[in-house]
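In this document, chain identifiers A, B, C, D, E and F correspond to the written order of the chains, with residue numbering beginning at 1 in each.
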Amino acid sequence: MADLVQYETASAEVRAVYDDIKRSRGVADVNNFWKALAVHPPTLKRTWESVKDVMGPGVLDPVTKEMLYLAVSVTNGCGYCIASHGAAARKAGMTEAMWGEVVAIIGMANETNKLAFALQVPIDPAFQASAPKS
Amino acid sequence: MADLVQYETASAEVRAVYDDIKRSRGVADVNNFWKALAVHPPTLKRTWESVKDVMGPGVLDPVTKEMLYLAVSVTNGCGYCIASHGAAARKAGMTEAMWGEVVAIIGMANETNKLAFALQVPIDPAFQASAPKS
Amino acid sequence: MADLVQYETASAEVRAVYDDIKRSRGVADVNNFWKALAVHPPTLKRTWESVKDVMGPGVLDPVTKEMLYLAVSVTNGCGYCIASHGAAARKAGMTEAMWGEVVAIIGMANETNKLAFALQVPIDPAFQASAPKS
Amino acid sequence: MADLVQYETASAEVRAVYDDIKRSRGVADVNNFWKALAVHPPTLKRTWESVKDVMGPGVLDPVTKEMLYLAVSVTNGCGYCIASHGAAARKAGMTEAMWGEVVAIIGMANETNKLAFALQVPIDPAFQASAPKS
Amino acid sequence: MADLVQYETASAEVRAVYDDIKRSRGVADVNNFWKALAVHPPTLKRTWESVKDVMGPGVLDPVTKEMLYLAVSVTNGCGYCIASHGAAARKAGMTEAMWGEVVAIIGMANETNKLAFALQVPIDPAFQASAPKS
Amino acid sequence: MADLVQYETASAEVRAVYDDIKRSRGVADVNNFWKALAVHPPTLKRTWESVKDVMGPGVLDPVTKEMLYLAVSVTNGCGYCIASHGAAARKAGMTEAMWGEVVAIIGMANETNKLAFALQVPIDPAFQASAPKS
């Protein structure tokens, strides 16, 4: 089980990251994920900055971003990530009906991915043609 | 490499599925995935009916559904599925800017999923509380 | 791409393993897998002895063993392994009808595995009770 | 952790699926997997019908089918699935000696799959030739 | 949950393996992994001999070997293996600063592996040229 | 297949990253991975900065870092990553004897990871005790 670095005993470097997370997300404390990552402060700082960048404003709306995060997390079987991004997705507006469809798509994609492996299906020329060109 | 069952030599049972795919999607021919699955007609029929159901109209829009399918397919490293659902996502409206963000999220989620495994992070009580209750 | 060690240029240590594979399987030459492993002779020898032991006579018949090998190989998306163990399974008696059912089960298991992850289903007390006791 | 929909509070649509599962399997109650899936009734119904179809009578016997399901579930690391399909396999006749061989094959296949990835082994022409032709 | 075969009730065949593990590693008792594997004595014996061989003296030092074992175990999400090989790596000299870098590399590699899948990057001719030749 | 952004047609933002990669690594051109990532310039920039940081000087030497990267890449079956990090590891000093041991460890770890899943081995209290405390 992870060591968790609490704010009270954290170094100034770690506290600065925690403060930025709390400010950016408007929360009173950071999640265990960040407290566990704090055992290696450079990884904590780099990961937070990357996540803040990737999950910040863009062309996709926040709930779509969180559902994509969930689809990866479920496929990898990461229990912590399913719990934390499930909570984030609900906060961003994912209803139970939306979650039901996300779950169905994840299941179906995992099934057909493995069917395509089993049969070693050759790629259709048309898919190559539809790819973007530089 | 897969055997591909062409329409001309397909059984009536297989042809009926191909006809439904072509009608539902407004395409002139079915993709290699279906032609490979046709070596086992019950799996062809069941898989098509499931995909048609899961990817059909619902609370999520078509482009979101295809991006979720892509997130799973990339995580599983299925080249065929990335090509076919990439084409489908573009047809449903995914721009290159959207694809760029999808790729970034997939990469980041795979990274943090494995960081959470490495540190065996315990689930925050708050995530449990935010889960839906029956 | 792998370097492949051919019999003609192999060391005596590698030749001894190749000879045992050819004798045990009644084949004229070893597969590329063994020729690639031969770049590290101790791994070649250990892997062959383990495979010979695991896939040799036991309570499960040869075709069941090869189908289990295929189920793992498809789930991992190993193209080489699907080709080589697909050939071995057919040689051991797997018909196309059997392969069709194997494919269907692999697809379904991958789907429900991920559904169980998505929903973080708690294990039923009855399953614990049915486990063997020492 | 999943919400579990109990029979008493289930909708008519969900009860109909539960009734069919209980009748088909001759059990007094359905497993947690189905109670968790019931949060999205269309996915519950579709998944049950697919599983009933795939795992029903065919050319492979029930114990072989369950062992294949187990091989996938272990490879994916799905604890719930290992418990539930382990129980089902034992009920269908899997002895501890058979389970021992299944475990050995799963381990060996996972090892050689990754060895084949490491060495990027090219597929032998002979394996292509042995594949079925349409 | 696994049945664990304790030394007191083990067969002579299993005891011989346990004795060799205890002697080789200078420990008073074997880990649960071996006690669980003992339900299938041939797999216990073969796995122990393979691990002893692979993790024994070679060109790589023990702490590097254990960190490589950890990198695989984290990528596969095996909680037991992360705990046992984390302990072994620390015993072999892995400091917390080293672990921090191992974690960072595992995370980054998992991210870029999936980015390479997403974009289906073609292999540079230079990488082919740098591969060893037989 | 990926679009590859060549230096000649790249934007100033992309060129700045390419220039930094070339300078940092002392190479005449960047690998296809970066040319493919350049379709989304923010992901190119962020990924390069993270990789430069993680793979730069630290407590682990460069060849150990590259071997860890390889262990993850092989486990994920990423052909591109095995080729590119295989070349980087050889450049950093990995001999064929070292690669042989890396391959053996990856294979063995993947096998025992799945054996531990199969048997759902409970974590030994001793491993918990050996974990670092904050």
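Rule of thumb we're sticking to: a contact is a pair of C-beta atoms (placed from the backbone, for glycine too) under 8 Å apart; a residue touches a chain by one contact, two chains touch by 3 or more.
From a predicted model like this one, the values you see are computed outputs, not experimental measurements.
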Of A-B and B-C, pair with higher C-beta contact tally: A-B
Type of chain C:chain F copy interface by residue overlap (half), same or different: different
Distance from the mean Cα position of chain C to that of chain A, given in whole angstrom: 34
Chain centre separation in whole Å, for chain E relative to chain C (CA means): 20
Chain centre separation (chain B, chain F; CA means) in Å: 27
Two or more partner chains touched - positions in chain A: 1, 4, 39, 42-43, 46-47, 50, 54, 75-79, 83, 96-97, 101-104, 106-108, 110-115, 117, 119-120, 128, 131-132
Contact graph of the chains (line, ring, star, complete, other): complete
Contacting residues of chain C [partner chain F, same complex]: 39-40, 42-43, 46-47, 76-78
Chain C - residues contacting chain B, complex: 77, 96, 99-101, 103-104, 107
Complex interface listing, chain F residues touching chain D: 74-75, 77, 79, 82-83, 102-103, 106-108, 110-115, 117-120
In the complex with chain F, residue positions of chain A that touch it: 1, 3-6, 9, 39, 42, 46, 50, 53-54, 128, 131-134
Chain A contact footprint on chain B (complex, rising order): 1-2, 4, 31-33, 36-37, 39, 43, 47, 50-51, 54-55, 58-60, 64-65, 67-69, 71-73, 75-76, 78-81, 83-87, 90-91, 95-98, 101-102, 104-106, 108-117, 119-124, 126-128, 130-132
